[in-house]
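Both of the next two complexes hold subunit A, though its partner changes from subunit B to subunit C.
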Partner chain A sequence: MSAQAGTVPRRGIRVDSRLRATARSEWIKFRSVRSGPFALAATALIVVVGAWLLGDSNRGSYLAASPAGKAAFDPVFTVLQAIELAQLFIGALGVITVTGEYTSGLIRGTFVATPQRAQVLAMKALVFAVVVWACCTAMSFAAFFLGQSVLSPAKHAGIGDPGVLTAVFGAGLYLTLIGLLGMFIGVVVRRTPAALALLFGLLVVLPIVFTQIHGKFSSNVGEYLPGNAGEEAFHLLHGGAYALGPWQGLGVLTAYVAVAAAAAFALIRRRDA
Partner chain B sequence: MIEARALTKVYGDTTAVDGIDFQVKPGLVTGFLGPNGAGKSTTMRMILGLDLPASGTVTVDGRGYRGKVWPLYDVGALLDARAVHPGRSAYNHLLSLAAANGIARARVDEVLEMVGLTSVARKRAGGFSLGMFQRLGIAGALLGDPGTLLFDEPVNGLDPEGIIWIRTLMRSLAAEGRTVLVSSHLMSEMALTADHLLVIGRGRMIADMPMSELMARYSGERVEVRSADPQRMAADLRAAGAQVTLEPDGTFGVVGLESRQIGELAAERGHVLYQLHDVTASLEEAYFRLTGESVEFRAAAPVAA
Partner chain C sequence: MSRSLAAPGAGSAGHAAPAAYRRAGATLATEWIKLRSLRSMLVTPLLGAVASIGLADLASKNNAAGWTHLGAAQKAQFDPLAINFNFVIVGILLFGVLGALVVTNEYGSGLIRATFAATPQRGLILAAKAVLAGLLSFALAVVIVFTAFFTGQAIISGAHAPHVSLGDHGVLGHLMGTVYYMTAAGLIGLFTGVLVRSAAAAITSMFGLLLVLPLLADKIKPDAVTRHTVPYLPLNLGDEMLHHHPGLSPGTAVAGLAAWVLVLAAAAAFSLRGRDA
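The block that comes next holds the complex of A and B.
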């Protein structure tokens, strides 16, 4: 050992703010396992290849459609629809980013190094959100341009058309919020299978249940489910009784994320690790 | 220095740690002994701010763990060595911990070198043996060059070479003036490593004394004596340089004199002896006596706590 008896060791200390140190640690953790790149690559593949397939198959059906069908055709949502599948990978990534630490016991090491638990969660969410947002926004643009070029000569959109830029950015924001929802659910539940079941139930099963229940009430409430509301972000045309716009839809989804975040922050501080 | 005052932890209706007080002093290896479920790990988690006490306090260098901004410079801990993401390399695992406390990258290489993991540092930790995990955990504990170190069952699953390595490491850390607390249920291991012992059973502190005193009181060769006037004879024996422990039933244990010498002393001073016999209990036996019947034993032998 190198330290002298009785001295207070201060080896290699770097002047750093507590927040930046926590963020850097969370970034190293994120980039040093394969699940992040794997989930993002899977998402990109689904969204971009999906845009090509969806554009190709909808070109012919658009040209053969009735005038009413043509009017209801949403060229942006049509090619970005694969996000409904890809969101499961991003949501799962959010979940396992935290449940992986809980199930391996690594969370104790994390809290021993950084007892400021709220800060750990905040920086974990921030690092996750920045990385996922950057990747998903890039893949959303790629999918949009590819999809529109495949869709032509059927009705297609240009990036400068009204509402289009919002929709393409909205898709990246939507996926980021879904990832964060998974992350906060992961903190609350702590176990991977339960957290995945809860998230997928919320995103996939609940909307199906609502469409099976006939009646105005269920379809109106269905509009406010996290996935249904959030998806308005990448629609050009907005239907439904409440006709939520892109920002209203993202706002509703953000409210769900905020509720999950509030529960996660409250629990992470109080619970024994 | 670790200090606990009336430290208590309750899970549901089970009291895992029941109002214990103790100090762990620098410059010594303090052994934390007790059967599984006695409250050792719970206490260690409370020291590290992982579990919140139901009541009471515990501090490291005068401050609660959760109040520390850069804790790794003060405290290093080996809890569950396997608590590493299997897909992450040893190097990145340590780097993430170092970054969390602003510790330079070069220090990561240094601790890897110290524990002998340099050659496998870039490999995924999932393929490590238990011994390698233990070394990685110790590397993590040493990152901040802390003044206080906690090791929870560090020799579990290690080969003889690894056991000797850890033993030597703990002794040298204490020799450098650091506070070292090591938990174990292996009495034989403790006998070789610890200077001071905290013995815990059913969440209560059963013994808090130097190893030498514990050996003298409970395990080493002692002579059990019963005599007509225990108080006077005890005084005579103490005057002769022996360590005498009086029990409420009138027998007393004598350390430092052989039975032959005690017999001679008794004859010389005119003491009437009822009983004089050598007791040779192993350290392990003493430990089981201490922990097995903690409540009764506490009543019979109040110790410095």
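The block that comes next holds the complex of A and C.
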């Protein structure tokens, strides 16, 4: 921390410059493997093309729907729904950002270069979150505008309508949190297949299991599953017994991410690489 | 074919190629050793079987528990076989992922290069893997399907709700159809694994293709294009085969699943010949 570098050469470097260097090395690792651009391109393709397909097909079904069906029609969620498929790619990207390094053995080089493992993980998560958030928010806006233009003359939403801007930003935040959840699960599990199975199990298998079990308990708890809660972020209409709003839903998902992050930070410091 | 390597004068013919059936047997033995020595190939099927059977029993118990309180219309719709086998929609994921792991594990560790050096006949290796993955999927499916059936129906009959037995009309066909569907999912996973060569891509593809994409595509209103594509996704074919919706005939659904396996097998065989290991 002091400037007497000449006399105590092994005192170490300043924290902020180390963090900057770590962030740079994490960025180089992120952009130099093929999976990053591939997963982001697949997500963009699915979300934007999905918005067009879903908007196009729902325009006709909306006009033919009953008054009750028209009232329950959510023009924002309808066109952003393809995120349910795209989240697999973003989640997988989060997982392999970590497990890929364990598989190739690069993680040992990383930890030799920066023995402050918590700082490595923090910078890795930060770089990942910034890149994924920027891309996913951009594609969420693109999907929204494309989908709404295809939806009209059926019920559609303008970006200035109440709650719409929150929902469109919420979609980008949702995907970012899913990616981070995958990343922290990857740190805990360290193996690609197991981490993917755990993440996808939480996101897509558990909600289906809960719909197969009837009863008050199951339907109430089901709303608090990470995927179901987080998806409220890009709903305009909120149904269900507890009716989580967009920010409460994102809050529940963030709590899952925080638990995974706590486990990841605790384990990465104690275990072998 | 009948050339014997054990002939006394084998010294001069030492470089003759082994008989095809011997090579096939040796390849099968190699693949079997690799398969059974992977810990994930023991743990994953066990956990998956326990989870599938548990889910089938849980759904049976949960649905049959309220039988006496159901209205007449709901009683008429009560389908003990469908309730028992609702888990299949997520159960096939286990098979897709297992099939993919058979091959992507080998690409991940680099063992595939040694495999191809030992047996340059890559098509033969693919065939051996397909035979073993198919048998493994079939055996696992039989265990899961029949255990889930007997325990699930016992639970339903214990709750004094209507239940079916193995001899009832269409029941055995339903169970064997489910086994076929699960085995096909295992092979779809295997060949997808060969095509994409990485565990991450293969597992993501399985969850996307077998579960999420069909659920999403079902929400799109049928039009000229989707009417002729969406019903042919594996999940919808499996559904058509097992439940008699007005749509594709069960025979078409069976053939459709076979077509998925065969087309992916051809693509995998083709890509395996042309690409680096």
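Note that in this section the second predicted complex is superposed on the first by the 257 of 273 C-alpha atoms of A that agree within 3 Å, B and C clash if a C-alpha of one lies under 4 Å from a C-alpha of the other, contacts with A are read in each partner's own complex, and residues count from 1 in each chain.
Basically, contacts are C-beta pairs under 8 Å (C-beta built on N, C-alpha and C of every residue); 3 or more make two chains touch, one makes a residue touch a chain.
Values in this document were obtained by computation on a predicted structure and should not be read as measured data.
Looking at the shared chain after the overlay, A:Ser57 reaches subunit C, while subunit B stays out of its contact range. Contacts of A:Leu106 after superposition on the shared chain: subunit B is touched, whereas subunit C is not. In the superposition on chain A, A:Lys216 makes contact with neither subunit B nor subunit C. After superposition on the shared chain, subunit A has more residues touched by B, the comparison being subunit B against subunit C. Applying the stated contact rule after C-alpha superposition, one finds that A:Phe200 touches subunit C and leaves subunit B untouched.
By the touch criterion defined above, A:Asp272 lies against subunit B but remains apart from subunit C after alignment on the C-alpha atoms of chain A.
Touch criterion met: A:Ser32 reaches subunit B, while subunit C stays clear of it. According to the touch criterion, the shared surface of subunit A, contacted by subunit B in one complex and subunit C in the other, consists of residues 35, 100. Subunit A meets subunit B in the complex at residues 1-16, 18, 21-22, 24-26, 28-29, 32-35, 100-101, 104-106, 108-116, 270, 272-273. Listing the residues of subunit B that touch subunit A in their complex gives 27, 45, 48-52, 65-73, 75, 77, 79-80, 82-89, 92-93, 95-97, 99-104, 106-107, 114, 140, 144-147, 169, 172-173, 175-178.
On the subunit C side of its complex with subunit A, the touching residues are 40, 55, 58-59, 62-63, 66, 86-87, 89-90, 93, 97, 101, 104-105, 108, 199-201, 203-204, 207-208, 211-213, 215-216, 219-221, 223, 226.
On the side of subunit A, the complex with subunit C involves touching residues 35, 50, 53-54, 57-58, 60-61, 81-82, 84-85, 88-89, 92, 95-96, 99-100, 103, 192-194, 196-197, 200, 204-205, 208-209, 212-215, 218.
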